[in-house]
Structures are given as structure tokens and as C-alpha cells.
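Heads up, the next two complexes both have subunit A, just with different partners, subunit B and then subunit C.
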Partner chain A sequence: MEVLSTIFNVALIVATIRTTAPILLVALGGSFTTKAGIFNIGLEGQMLIAAFFAVLGSIWTGSSLGGMVIGVAAALVFALVFAVLVISFRANEVVVGLALNILAGGMTISLMKAIFGTRGSIVGRGIVGLPKVQIPGARDILGPYTQLISGYTPLIYVAFIAVPVLILIYGRTRLGLYIRVVGEKPEAAEALGISIAKVRYTAALLCGLLAGLAGAHMSLGYITMFTENMSSGRGFMAVAILIFSGGDPWRVLAGCLLFGFADALSLRLQTFGFPSYLVLAVPYTVALTALFALSWKARPKLIRETIETMQRALSVHPAKSETPDTSSNRS
Partner chain B sequence: MTFAVELKGITKRFGAFTANSGIDLAVRQGEIHAIIGENGAGKTTLMNVLFGLLQPDEGTISVNGKPMAIDSPAVAINEGLGMVHQHFKLVPSLTVADNIFLGMEIRRRGLIDRAAQVERTRALSQKFGLKVDAQERVAGLSVGIEQRIEILKVLARNARTIILDEPTAVLTPQESRDLFQTLRSFVDDGMTVIFISHHLEEVMAVSDTITVLRDGRVVATRPKQELTKRELVRLMVGRDVSFDRRPRHIVQGESVLEIEDLWARDDRRLAALKSATFSVRAGEIVGIAGVAGNGQTELAEVLSGLREASHGSAKLHGKELVGCTPAEIRDLGLAHVPGDRLARGVDRNAALSTNILMGRQKKAPFAKNGIINWTVVQDEMRALIKRFDIRARGPRDVARSLSGGNIQKVVLAREFTAGGDMLLIDQPSRGVDIGAQEAIHDEIMRQRAEGRAILLISTQLDELKALADRIIVMFEGRIMGVVDGNTMDEDAIGLMMAGVDPSDVKEDE
Partner chain C sequence: MKTALLPDGLIRTLAGQALAFVVALSLGAVIILMIDESPIAVFMTLMRGAFGDAEKIAGTLLQTTPILICGIAACIGLRGGMFNVGIEGQLFLGGFAAAWVGFAFALPPFVHIIVAVACAILAGAAWVAIPAYFRVRYGTNEVVSTILANYIAVLLTSYFTIFLFKRPGGWSETPPILPTAYLPELFSFSRLNIGLLIGLFLAIATAAFFRWASAGYAATMVGSAPKFAEYGGINVRKVGFSVLLASGAVGGLAGGIETLGVHHRFMEGFAPGFGFDGLIAALLANGSPIGTIFTALFFGALRAGSLLLEVDTTASREIITVIQALIILAVSADLMMRRRGDRTGERRWKF
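Coming up: the complex of A and B.
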């Protein structure tokens, strides 16, 4: 019990919030493209490139804000390339997304070599991290629980505030409505003279914006450094969460919290001497298992039918004259 | 005289194919103008040109006497044109009001003002007598109501000229009549209606002026009074076609298919077929009438083994079909012409000979020792192309290169030569031209004369009227009544299709 209470405490919740933020930001970005009917597998690359350029920008400008802006700009460039190829040239979304992910991985490595002459990671060298926001007066009211709401980097607040903002956008604004319509029934949009391309471009760029913020948060937030492939699959987790949530902001939040919690938990477990390679797999395992369990009922027809057929093939063949399931169907 | 819409010399080409060739069309204000023609005659292309969805290669368009280039639907809407598409373009997850105001949302301080939209929807609905619930989600509404929403959508944009593309394809006869009444009231208000159809009767019933298109050209534009149905068909098809009830000898064969208390569920696991009981005799055509989606598909799927029955029995020559696989049912002698020919009838990307082979790939003379003899298959396909008058270059043609009517003929050719004595035919002439339809009907009558038992599912009453010996009417999965084909009363069937019990009707009178 003592072990459990040391694992589960306020610090764990704080850690959960901190680990949830980057994936929440990138997943909310992906929510725009998902709702607009674009399957954006390129989140990972947008995040990674933003993380790198945020570091670079913060060194160049000497300010964390400058770093963030340059990081976001880099992500927007990637989002724009994705949009041009997918929306205007109708290239396959998965191919383009994967290509950009690979490009982001390779580009950051070679730029790192070219600019800093090193491989692996950039630390120090004048990187300015994002400041922590202390909410005034919070300590007086909450006492020991102050850290629950105060002392995070600004992007964490942005991430969580973005959830209700997105709900407002989808529910009450014209842009949100159009994004939904373009994704759900493009022919309806076309017939009403709504430009599908314009709406999709907007969605793709909004996605780039949030993915860029997520990337900047990764490299300028709690750790001020860039390492090779530092997004470490968060973009793909976001894609998984988006598939299961359909881009609905509340569900995206729930999925991200789950992943963030598992991530925070695994960091905790590491300090208890569990083998690190197993512990590092925990967030992904937990999140995937939960998502799979949630969607089991909604599993695609194909899988369902395959399983039913397999069951039928494996069981004894029923007699021909038997009428299946007679009692329950009279309505 | 100003014309609400005037098209002059409109030509539209798609590659080497000319969909519209030098079309002149003048629609007077305050009339219902029908545009009739077979599939591929260019009706929809023409309307898309008028509505700005397509750009003409040649020709000019004037709206209310003003020549203009309509280069997007937005321009057309601005000019007071409104289009109700054949396939509704509603967003299922949005409410009725949201759908109506989509693209012209009422906003207050940047946010969409839901209450005002609902208010306006109610006002419109009342003003034009089109009943809808403004706050309901569109998902799950009936097609009749969806169409009302589409019309309201057009009216909300202040349209004065309304274009309807095949509006009655999905409606019951009663719903169609309501629609026509609504259209008539629009015209009485001084609005103009352009109405696209290939359905002769309703064109004759509702329109003031009729324009006939054939092969992308205008064949005639005349006031309705100067046209008869027969003439109209001749103009459409280019030759005489008969729609009369087919002459027949009464045959009282033995009962081939016996269905008793048959139940089935649809994909949502809801009861879709409820306690169906009937039989089909040899040499008899039993028609199943009903608006699409009232259990006919499920009935066909259960009988062909594509769907599990939840209760009841269906016996072919005394052998139980329920619980058998499609292949076993075929072997018992049931041939199935599926309702959706592209999903279940053919493999679009396969050659005709491959398509004709399906289902008999293990049988002599097509296969020996598990190896297919393609020469035999090709010869068979060549023979069938001739016999069924399939317009294809040869057995190697890919199915998708054929027109809908010809694909249907391929399916019929395969099923009618399968050797079964029970034919289950689902929507034989859906999307098929009148000319081809006649040939298909001839072939069905030939099968009847050969003593086959035929179960004919159709949403077109005309077709059942021409072919069926008995007509069973279905509504929400139940059999509402059985009508003799010789003495059928279309109104009575229409009421049953709408769910009115025939005995109730008699009491009312």
C-alpha cells in the first residue's frame, strides 16, 4: 500500500497533465483535419520539425517566444506542403504523410549535423525555455495543491483551453460547421457553393499550427533540448486517438489523458527499478488496449464477419432444417 | 414574353463524348416545364450546366431575359435558381434547420444563431406547407421528408425557379402526388419549376410544357396537351414501345416456392421482414411492390442465402432454404438477379466471360477436373451476347465499360441460363432505359412461358402492372395485402405501400 500511495499522489496528476499536453495539442490539431475528412498521418513529422526549429529559433532570437514562432512556422510549412499535395494534387494522404514524417526525421538529423556539427541531441548552447506561469493568488487558496493549476508552461494551458474552444468552433461557428460538412458530406458543401479546398486548407493549416505548438512545447517546455526523433511516436498515438474518437474534442481529451496518465505512470515506475524498456512500453500498451476495448463494439463489419465466419467454420455444422434463434425475434 | 430561363445552343463535351449538343431550351415564367429523356440523354448534364456545376463548351444562358455566365452554383443561386438534386445533399449529423441554412447561416456576434434559424425554418415550413421538425437531426428521416428539406433549402435562398432532378424516384405514389401539389402551388405563386424525369405518367400528370431529349439533342418541346403518352415514348426512344399489360395464358402450375412465417433482421439488427407467408407457382409471376427499404431487400437476401433468417421457413420444391449457403440454394434451383447489380450482380473490373462464369465455375462443360475451359466460356458468352442483345464488343470486354442496362442484361443472361426453375428477380429495370426495359420484360415473360416460377421485386408499379400475375404489397416488413394483377387498382396499392390497411380504406368509403 505504501508503494501505491507513493506512486499515486498529487505529483502524478501534475505529471499526467504535463505529459498529456503535447499529445493533446497535436491531437486537437489532427481533429481539424479528421473532421474535414483528411486522414493526416503526418502529425508526427510536423511535431518533430517544429521541435527542432523551436530550438533553433530560440538560439537565434534569444527568446522562447521567437523559438515558438519559428517552430510553428516550420510546422505550417510542412502542413502547407501536405495540403498542396493532398488537397490540390489529390495525392494519397498516407503516402504523403509518411513521406513528410520520414523527411522530418532525416532533415532534423542532417540540419543538426550541418549547423551544430553533432549527432544525437542539442543541449545548452543558449536555448531559452518557455517560462513557467505562476497564477497569482493560487497558493493562498489551494495550499499544497497549488501545483495542480499553477506553474505550468503556457502551452499546457493553451492545450487544455483549446478543448472547449474547439467545441465552440465546431458547434457555433461557420468555419467549424463547414469543416464538419466538408468531412461528412463533401457533395453537400459543393452544391452550396462552399469551397471544399479552401475549408480543407484551413483545417490543414490549423492542424499545423497546433502540431507546431505541440512540437515547440516538447523542446522548449520542461526540457530545453532537442534529440533525434524526440516526438517518439506521439504523433502516431494522436492519429490512433483520432481514429477512435472521430475527432470529437471531448473524446480526444479523454484519449490523451489516458495516454498521458500511462506515460506519467511509466516515468514513475522507472524510479522503482522496473526494467526501463518494459516501462517505456507501458503508455503505448495501455492506451492501445483501452482504445481497442472501447472500439470493440464498433469494430468494423469486416472484422466482425470474419470472426463470425471463423466461429462457424470451427463449430459443428448445424442441421439444415434447424431454424436459428426462434424465440427472441418476434416483435 | 420573358423566359425564366433560356438556353441557346448549349453544347457540352466530355472528351470525345458529346453529352449535350446544341440544346435550345426556353422555360416560361410560371410554368412547370418537364425535361424527359432516357438515361444518358443528357438531362442531368444540361441541368448541371444551368446550375453552374458544369461549364458549357458552347452556347449562352439567360436568366429572366438577362444573358449571363453561370460559372458556379453561387451565381445560379444569386439569380434565383434553386436545384433539388436526385441524390439528396443533406448532412446527416446536422439538424433540419442547420441543413437548411448551411452556407447562409444566420449569425449573431460571429456565432451561429440556432434559435433564429429554427424560427425561420418554422416560418418557411408554414408558408409553403412543407411540414418538418426544425430541430430534428436529419439522420434517420424518411426520404420524403429529406426531399422536403431539400426544397425548403432552395426556398430559403429565395429561389424563384426550382429545378428538380428525378424527384419522384424515391417516393411513394402518395408522396409524389403531395409533391406535385406543392409544385403546383409554387407555380400559382408565380414561381417556375423545371422538372427532370424519365417517368412518363408523372410528366403527363404534372407538367405544362414538355421538352424531350434524346442522345444529347432536343427532339421536341411542346405543350402537354399536344402530346400523348405513346408519342412521348416514341420521341424518347425513337420507336414504338409497348407498356401495356403483357398478354398471357393462365397457368396453374405446382407450387415451387413456399414461404411461411419468415422473419429477418436488417443490418442494424432490427426486424426488417415480419412474418412473410406466400407461395409462388410454376409459370407464375408474383410481384412484390413497396417503397424501397420496406423489407424487400431482406426478403431477397434471405431467399438467396445472403442473410440469415431469424425465424420461419422458405421451401423450394419442399427443400428448406433457410440455413443454406448461397451456393447450396443455387444448386437447389434458385437463380437470383440481385437488386444492386454493381455490388452483387457483377464484378465491374472483370471480363464479361468471367462474370458469366461466376457460380458455375465448377460445373461441366465450363470446368473439367477443376480446370476452367475458357474456350467454352467465351463461346457461351458470345452466344449470350447475341441472345440477350447485349451491347458489347465481345466476351473480353470489362463489365464496367458497359452501360447500366447492358450490365443488367449480363446479370439476367447468367441467371436465366443457370437452369433453375425459380427466378428471384430484384429490380430488373432499375436505371435501365425504356428500350432495354422492354427487352428485359420480354425475356421475363419468356421465362414465365417456359414454366419458371418468378418472384419479381420492383419499386416501379408500372413494371408490376405489366408483368405480375399477383402483386404482394409490403410495408415496413409486413405483407399489407395481395392484389390480382389483372384487376389491380393503383390507388389501393399506393395506400398499402404507405402502410394503410386495405380493410380500413373500405370502411372509410
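Coming up: the complex of A and C.
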């Protein structure tokens, strides 16, 4: 029992919140593209390039804010390339996404060698990390539990606040509605005169913005350094979450908390002398298991639609299918 | 007629690929300029490193072998409409399985190789079996599941190597395999082995299979027109599962050949990125096994040349990864192809 209480305590919750934030940010970014009907496997690369340029930017400008801005800009460039190729040139999204991931990996290493003359990682050299936000008065009210809500980097608050914000965007704004229509029924969007390309570009760039913040948090958050391929599959885990959540913000949050917890737990287990290689594999295994376990729900669209059509054909209500207005409003 | 030999579509495809190459190489040149190197010097160094003398050419072919075999694995998947991005993981497990048979058992010379290679193939197929099952049964996206499986495969083989089978005193590698399991070498001056010939044979066999065998035709149809295949009475799930399994098996074979032929042991990170290079080579060849021979040779030359690049210039060898990615991006844009009017049509893997 004593071992369990040393593993499961307030510090573990705090660690979970910390490890959840970057994957939550990138997954929420991907939620935009998922909802807009784009399968974005390039999240990993956007995060990685943002992490590198955030470090570079913080050295150049001497401030973490500058680093964040430059990191996000780099991610936006990648998102724009993805959007141009996939939306305008109609290239295969998996191929483009994978190629951009490979490009990000190669480019960060090449630039690191060219600028810093080293391989492996950049540490020190004037990198400015993100500040920690101390919420005033929190200590008086919560006492020993203060660290649960106070003392995180700003981006962690941004990540968690983004969840309800996204819900509002999808549920209450014109843009959110357009994104959903374009993703679910492109034909309906076209009939309504919505520019599919414009909406998808917006979604892809919003995705780049959040993925960039996630990358900046990775290299300027709790560890201020850049390492080769430091995103280590976080972007792919985010894609896994997006697949079984369908981009719904609450489900994304639930999935991200699960992976954040797996991550935090694996870090904790490492200190107990479990073989590090197996412990490091825990988050990936959790992601894979969750993907498989929840995939029965996400049956192919084809089958879902066939079932729907069958039901419509069987129930004798021919009048319904003749009113296109209601069908477009529904989505 | 001339058009029968070189159909219009092929000419346009080739012209498109050539244009894409030019675009990608000029973008690559810009990036090389960005890191303060001369693109021409980098290119010349790459060429010298790849084709400078007989030894260098053998080195290029040595790098080509795993890329080619991984490329064939990717081709099999692509033909059947499956994106096997997990070749990297299958390569690692296949490599470990072959090494394990190589050092743990004493068998007669020829038999030893066969058993080790068979174990590599089985390991690769087994590693893809679960993602493949969920793909065909529940439609679980195979891209993500195989990518995530890659990370687990690499960590798992590292764990085996370091915690279970570490060579005493050695640095994160297994004991060397017994000489009975060495693949025969082709030349005295290089570690180039019959793996290359196996790869070439496999490429031709795969091409022939898809061209002439009815099962190959069924797989192609499942990949390009699943509904048509289903109406034609083909069990789409079964074919899809077999396609991924075969792809994984070939991926495992690539790993086995790499450990048995080149390293003669399994070590951590023994074949970085070969799986991804193979996938890129297959995409560049548009899923044609014969075309993959040439694209794999191209990437093998880049890899071999990059070793000299790191010695002779200040550029990092990862610059070739950048060039590869740029080529794929340029090819995927399909600059020659005229856009069709529909904006909602389904996208296939084809560029």
C-alpha cells in the first residue's frame, strides 16, 4: 500500500496535467481538421518544427514570448504547405502528412548542425523558458493542494481553456458550423455556397496554430531544450485520439487525460527501477489499445450511411427526403 | 504501334515525376544554401560518395538492399489499398528474430540461414497481424496503428537486446551470430551479400504476381476498386488481411537480411529509417515493384553519399532526408495533372 500511495498522490495528478497539456493542444488543433474532413497525420511534424523554432526564437529574441511566436509561425508554414498540397493540389493527405513529418525531422537536425554545430540536442545557450503563472490567493484557499491549479506555464491553462472554447466555436459560431458542414456533408456545403476550400484552409491553419503552441510548450515548457525527434510520437497519439473521438473536444480531453496519465505514470515507474524501455513503451501501448478497443464504434462511414439509407427506405416517410432544407440544417 | 509500348499515361506520369524532381531539387538547393553550403559541392560530394569507386558502388548497393526490400513490402500494401507505415517496426522485429536464431542455435550452414530468415518473416508478419485484423474487421485506420506499433517495436527490441541478450561487455548489442548463419557475400571487398539478389528477385516476382496471377489481380482490385471486387465475389477482408500480412512478412525479411548479411548481430538502432525510405521509394515508384528497384537505388545512393557528406562538408547527413521529403511533396502535388471539377471526390494513395 505504501508503494501505491507514493505512486498515486497529488504530484502524480500535477504531472498528469503537465504531460496532458501538449498532447491536448495538438489534438485540439487536429480536431479542427478532423471536423473539416481532413485526415491530418502531419501533426507530429508541425509540433517538431515548432519546438525547434521556438528554441531558436527564444535565443534570438531573448524572450520566451518571441520564441513562442516564431515557433507557431514555423508550424503555420508547415500547415500552409499541407493545406496547399492537400486542398488546392488535391494530393493524398497521408502521403503529404508523412512527407512533412520526415521533412521536419531532417530539417531540424540539419539546421541544428548548421546553426549550433552539434548533433543530438540544444541545451542552455540562452534559451528562455516559459514563465510559471502563480495564481494569487490560491495558497490561502487550497493549502497543500495549491500546485493543482497554480504554478503551471501559461500554455497549460491555454490548453485546458481551449476545450470549452472549441465547444463554443463548434456549437455557436458560423465558422464552427461551416467547418462541421464541410466535414460531414461537403455536398450540402457546396449547395449552400460555402467555399469548401476556404473553410478547410482556415481549419488547417487553426490546427497549425495549436500544434505550434504544443511544440513551443514541448521545448520551452518544463524542459528548456530541443532534442532530435523530441515529439517522439505525441502527434501520432493525438491522431489516434482524434480517430476515436471524432474530433469532439470533450472526448479529445478524455483521451488526452488518459495518455497524459499513462505518460506521467510511466515516468514515475521509471524511478522505481522498471526497465526503462518497457516503461517508455507504455504510452504507445495505451494509445494503440485504446485505438483498437474503441474502433468498433467508428465503423466506416460507408457502412453507417448504408444503414441509415436502409432505415430510411424501410420506414415509409417519402416526404422527408424531398425537403432538402431540413437535411442541410440538420448537419 | 508505338503507343502500345509507351502509353500516353506513362509518358505523362514520367514527365510529371521529372518536373517534380526538378522542383524538389531546386527547393533542396535553397535549403542547402540556407545552411551555408554550396548545392553543387554537396551534390558532387554525394555523387562521389555514392559512385566514386567500386567499393563506394558496393556501399550504395549495400544501402539499396534494405530500402528495396522495404519498398517491395510497401508496394504490396499499396497495391492492396493498405498503407503499411509499420515496415520500420517489422524490420526491427525481423532483424531481432533472425539474430536470435543466429546466435542462440547451432544448425548446419544452409539450414541455419533458412530457419533464421523464416523466423524473421514470421516475426514481421506477426507484428502486423493485430493492426491488420482490426483494419479489416473494424476499419481501424492502419496508418496510425502501424506507426504507433513502430515505436513499441523499437523499444521492445531494445529491451530484448539490452536486458535479455546483451553481449557481456558489449555496447547495447546481442552476441554475434554464428558464421553458419552468415549470408554469402558477393565480393571480397564489401559486405554486399546475396540479399540484393533476393531483393531483385522479389521485386520481379511481386511484379509478376500482380501482373499475371489471379490472386494478384484480386488484390489490385481490392485496392483500387473495393466495391467492384466485392461484387466480383472476392472476400475483400480476407484479401486485405493477406495483403498486410504479406507486406509485414517482407518487412521482416528485410530486417533478417540486414542482420544476417551486414551486421551479423542485432544492435540498438541498427537500421534507422530504412522502413520509411522503403515506403517513400514505393510511393515514388507509384507502387510498382520494378520501379521501386530504381527509386531504391536512388535513395541508396543518397544514403551512401551522405556518409561522405558528413566527412567532407559541414552539412549534416540528414540533408538527404530533407531532399527525399521534398521530392515526395513535389511528386504528390502532381503538377502535370489537370484538376478535375469535383471537390469532394475520394482521394486514393495514387499521386
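Here is the rule we go by: the second predicted complex is superposed on the first by the 293 of 331 C-alpha atoms of A that agree within 3 Å, B and C clash if a C-alpha of one lies under 4 Å from a C-alpha of the other, contacts with A are read in each partner's own complex, and residues count from 1 in each chain.
The rule is simple: a residue touches a chain if its C-beta (ideal position, glycine included) is under 8 Å from a C-beta of that chain, and two chains touch if they have at least 3 such contacts.
Predicted, not measured: the structure shown is a model, and the values here were computed from it.
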| item | value |
| --- | --- |
| First, second, both or neither for A:85, with subunit B first and subunit C second | second |
| First, second, both or neither for A:114, with subunit B first and subunit C second | second |
| First (subunit B), second (subunit C), both or neither touched by A:161 | neither |
| First (subunit B), second (subunit C), both or neither touched by A:141 | neither |
| Partner chain in contact with A:223 - subunit B first, subunit C second, else both or neither | neither |
| Partner chain(s) touched by A:187 [first = subunit B, second = subunit C, both, neither] | both |
| Touched partner set for A:284, first subunit B, second subunit C, both or neither | second |
| Which partner, subunit B or subunit C, touches more subunit A residues | C |
| Touching both subunit B and subunit C, residues of subunit A | 187, 190 |
| Residue ranges of subunit B in contact with subunit A within the complex | 53, 72-74, 77, 83, 85, 87, 89-94, 98-99, 102-103, 105, 107, 110-112, 263, 265, 271, 274, 308-313, 320, 322-324 |
| Complex contacts: residues of subunit A adjacent to subunit B | 168, 172-174, 177, 180-181, 184-185, 187-194, 318, 320-326, 329-331 |
| Residue ranges of subunit C in contact with subunit A within the complex | 31, 34-37, 83, 85, 130, 134, 138-141, 143-145, 147-149, 151-152, 155-156, 158-159, 162-163, 276, 279-280, 283, 314-316, 318-322, 324-326, 328-329, 332-335, 339, 343-344, 347-351 |
| Subunit A residues within the subunit C interface of the complex | 39, 41, 81, 85, 89-96, 98-100, 102-103, 105-107, 109-114, 117, 119, 186-187, 190, 196-197, 232-233, 236-237, 239-240, 243, 275, 277-278, 280-281, 284-285, 287-288, 291-292, 295-296, 298-300, 303 |
